[in-house]
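For reference, chains read A, B, C and D in written order, and residue numbers begin at 1 within each chain.
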Amino acid sequence: AAAMIPVSSSFANYVPVGGPALPPPVDPTKRIGPGPSKIGKRSTFENPARKPSDISSRSPLQDFYSTITPADLHFERHHAGIPDIDPNTYELLIHGMVERPMKFTLAELKRFPAVTRTCFIECAGNFRTGSEQMTPQDILGLTSQSEWTGVMLSTIFSEVGADPKATWFLAEGGDASLMTRSIPAHKGWEDAMIVYGQNGEAIRPAQGYPARLLLPGYEGNMNVKWLRRLELSDQPYWTREETSKYTYPVHNKIRMFSFEMDARSIITYPSFPQKIEKGWIEIRGVAWTGRGKITKVEVSTDAGKSWNDARLQEPVLDKAHTYFRYLWQWNGDETEILSRAIDETGYIQPSIKQLIEARGTDLGGYHMNPVTAWQIKQDGTVLFKPEGRK
Amino acid sequence: SLRDTIRHTPRFGFGRIATEAEIAKWDIDVRPDGKGLPAGEGDAAKGKAIYALKCIACHGATGEEVPGVKLPAPALVSDTSAKSRPKTIGNYWPYATTLFDYMRRTMPYNLPGSLTDNEVYSLTAYLLSANKIIKPETVMNAQTLPRIVMPARKLFVTDDRKGGPEIK
Amino acid sequence: AAAMIPVSSSFANYVPVGGPALPPPVDPTKRIGPGPSKIGKRSTFENPARKPSDISSRSPLQDFYSTITPADLHFERHHAGIPDIDPNTYELLIHGMVERPMKFTLAELKRFPAVTRTCFIECAGNFRTGSEQMTPQDILGLTSQSEWTGVMLSTIFSEVGADPKATWFLAEGGDASLMTRSIPAHKGWEDAMIVYGQNGEAIRPAQGYPARLLLPGYEGNMNVKWLRRLELSDQPYWTREETSKYTYPVHNKIRMFSFEMDARSIITYPSFPQKIEKGWIEIRGVAWTGRGKITKVEVSTDAGKSWNDARLQEPVLDKAHTYFRYLWQWNGDETEILSRAIDETGYIQPSIKQLIEARGTDLGGYHMNPVTAWQIKQDGTVLFKPEGRK
Amino acid sequence: SLRDTIRHTPRFGFGRIATEAEIAKWDIDVRPDGKGLPAGEGDAAKGKAIYALKCIACHGATGEEVPGVKLPAPALVSDTSAKSRPKTIGNYWPYATTLFDYMRRTMPYNLPGSLTDNEVYSLTAYLLSANKIIKPETVMNAQTLPRIVMPARKLFVTDDRKGGPEIK
């Protein structure tokens, strides 16, 4: 008789009438898998992870196939941890040199005309060296890229009647560090945004939920997270983060207000601790500049003696991580491979030597963007080549 | 262009006027010209006592770097010579107002926002005095603090790079 | 005396010496938050979710601010659940009309020159109607977009010496349905890819881990997941999925081999069950076409009497979800709002009436792309307007 | 262009030649011209018995739609008229080879790949016969199966749309 089978929520658990009891087959073509769900998961074979310290975590750049950083792997730099902000009580205050000091709820910010743009954020302190056993993540994992959505700051400036004579504005975070930075007003009128969307969804708590400042191309610290206040002013505030921090020695002076991140690149494949084989190798990496578009990435496979153009992954976007690839046939000889980024202003990513010549030997750790070199050993081992400081 | 593509910018009418009380509550920043400094005052002696109670645990007994000791917080006291290490208030901070502003909003790290304005003035006085920038007896308030000329001020230069081929 | 405090892993748990015992403050500016971690999390205030059935799940299109679908919210359509495939034993077989039938491991596929491209995937059965209480997710949540990375199929065709006389190829999945589709060989030489990367990281199991076929613009079902075999042929195979399924009545005939997804769009804001207020409203939505680029999206706020150009979010990519926005000042009157997509071939997204005229009343559920309309009520309520079938 | 940007395509030398045994193991597809059909045979009587044992639970006693009964699997049997419902093998499948191919790779749903080739021939015979396409006694094998002309064959047309303004 026709067995009336209720519609089960998944056929996976269905036991056939009269069928033989078989052990579960390991061949995935012979075993029904779990069905659809509300939220997907990674394969258990894939475990990408950031490397956290007390105050920051580094993105696993060597694990990325392209330039959108999965939101849960975006690098972090917090000054007092991640605040737990209720989006229903969140408000943004904007005051100072404006016609109308105003407060906006999150829902109100979302009602303004929205814009989406993809760009990188990089911590100005994104530089480490010292050991041959360093991965791209160890060396410069404090940069990530997202597709950000929000309102142009210029729209908000217009709404509050920002005084055209204001030359700076202060941005303050709503975390326990109440972190502040002074930002030139022109950046606010140009391409600054208040963003609430990251890679299509709500911005993650670690990246500033429910809203952060986005200053495309400017040092990460200025892209104030958990934004709660903007004050327009006719001078900077010389806050702690722009004096005691994020400044660096240049000969006998201390350089401050370095905003744009200089052009930079790194080969992420092959890199430590990967091993390569003789034959065709596609050298891969990422390049970026805070000053516009990457126009060229050059790769050297002979320790810097000659340079060749890498292919750039299109579309090449403004102030964005740009993936590059370069086909190389390795003959098994020991060598060094390097990449250097060139941006639309004509800037060529410098060697450590050029940086020392320009700034002196006491370089500090901010705004360091030297060319990164990888040593290729005869057995295919790849090692980082730490920069000499002299 | 990736910019806002709206041709005209109307006023949208979203949001509301912030009240003066709301602004005052959040407007805690202090500029080098003294704008934003509150009423009140403090001195190094009081500051030393507060420091002993609330800061020592993280920054150490004197705020100085002690060889071989790794504290959870940075050193706050060294000397005023540009070449000396560690880089602290005495040799690396261009404005004294920044010290008041930063401590009031952030310190003590575990209880941010818990200090009174008078306590912050006193701690500012104590740390400036410990760094040999002011005399121990100088009272810090909205008038005296902005007048301090920090030893490092003269070292700070604004980045003048504008992109282009120059490595600078 | 100087208390020597060990460096703790997080200052969040630090209890001050001699400090008063205070209750934890609720103000996030007064409470240190949790520090950096290996993997980030969503805000507990944000709970986007797919809507799963036994065989598919729909992406929450109304929750997205832009066009990259977070990987864990990508729509699903499985025919025998999600297989658990070990990337270390995975192999792809390519044979049939080739000089050299070959097998490739995942590691070998990754060694070939890689390409990244952003495009949508849409299930050809992505159409639902019938109730005013339907969200964009309910109506057409079977489409999502990712940044895919992999090898051009043409590269693999060249490697195995694919016969130029092969006109079709069969693609077979490695799940328990061993699903197969016939694909014109020209698509393989053009822009087809074998992809292993999704939004920067390894493709997710629900999207075909460790590798799937990507046929930009072609109906979702053909983008075979868990790809294990390709066979080149001089004719199609007329598999079950291209005969019993994914075909549809056109007058007295049954149309098969409809590959490209026709241009389509939907307003995702405002949409049911949102409520709007009088004044400025930015109408937002997404448009796409399987035949190239979206050149224009028109929005009507008067029930289709007049149409105006929406702004398109740049960069507009080939065969990609394209975000559109249109500023509208609502005066509080009842109306209907609609959007229609126009693509580079000159195709204008049709009304249901045009589709019925072209195909007859027995439309079936595949390749349906009628204009979606939303009813705006005087109180600001937004309701779906189900298409009349006559 | 988003295409591969490599100027020349070398042979990379990755991967390895697949053995004939490896190909044979996975090459299970069947084309309408019979290519891919294995040795063996079956008939409707045997198929009916297998159906009762392995298929009834999901597709129902007869494979027909029973009003008011919601089965976990689609109906497999109706008639051959183009206008009738539900759409099944009898009125909607253009090639009989597809039936063999699909069942062998996928059914029974809970134990895919568990049927022998002879079982699949028998089930094919049974379902074609239940759908009134072949006589109950016709034996199905690599020769007879491709020769069946399915009633729905004549209805299938290839999409000839090429983009452009036409709605079709």
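The working rule: a contact is a pair of C-beta atoms (placed from the backbone, for glycine too) under 8 Å apart; a residue touches a chain by one contact, two chains touch by 3 or more.
Remember, predicted model here, so these are calculated numbers, not experimental data.
Chemist: Calculate how many whole Å lie between the centre of chain C and the centre of chain D, each centre taken as the average of the chain's C-alpha atoms.
Modeler: Comparing mean C-alpha positions, chain D is 29 Å from chain C.
Chemist: Whole-Å distance, chain A centre to chain C centre, using C-alpha means?
Modeler: 24
Chemist: Would you mind pulling out the distance in Å between where the CA atoms of chain A average out and where those of chain D do?
Modeler: Taking the mean C-alpha position of each chain, the two centres sit 49 Å apart.
Chemist: For chain C, jot down the residues that touch at least 2 other chains.
Modeler: Touching at least two other chains: 7-8, 11, 29-30, 32, 80, 111-113, 115, 176, 178, 228, 280, 317, 327.
Chemist: On chain D, where are the residues touching two or more other chains?
Modeler: 2, 5-6, 12, 14, 109, 112-113
Chemist: May I ask you to sort the chain touch graph into line, ring, star, complete or other?
Modeler: Contact map by chain: other.
Chemist: Which of the chains are touching one another, listed as pairs?
Modeler: A-B, A-C, A-D, B-C, C-D
Chemist: Quick one: which bits of chain A touch chain C in the complex? Just the residue numbers, please.
Modeler: Residues 7-12, 28-46, 48-57, 63-74, 76, 78, 80-88, 111-116, 147, 149, 174-176, 178, 196-197, 199-202, 204-207, 209-210, 226, 228, 280-282, 284, 313, 315, 317, 323, 325, 327.
Chemist: Touching chain B in the complex: which residues of chain A?
Modeler: Spelled out, the residues of chain A in touch with chain B are 79-80, 93-95, 100-105, 108-109, 111-113, 115, 117, 152, 154-155, 158-159, 170, 172, 176-178, 180, 191, 228-229, 231, 233, 235, 237-240, 243-244, 247, 250, 252-260, 291-292, 317-318, 343, 345-348, 350, 354-355, 357-359.
Chemist: Would you mind writing out the residues of chain D in touch with chain C in their complex?
Modeler: Its residues touching chain C are 2-6, 9, 11-12, 14-18, 22-23, 26-33, 82, 87, 89, 92-95, 97-98, 101-102, 105-106, 109, 112-113, 152, 155-159, 161-168.
Chemist: Quick check on the complex: what are the chain B residues that touch chain C?
Modeler: It comes out as residues 1-2, 5-6, 10, 12-14, 53-54, 56-58, 60-62, 66, 69-72, 108-114.
Chemist: Would you tell me which residues of chain C are touching chain B in their complex?
Modeler: 1-8, 11, 14-19, 22, 27, 29-30, 32, 279-280, 311, 314, 327
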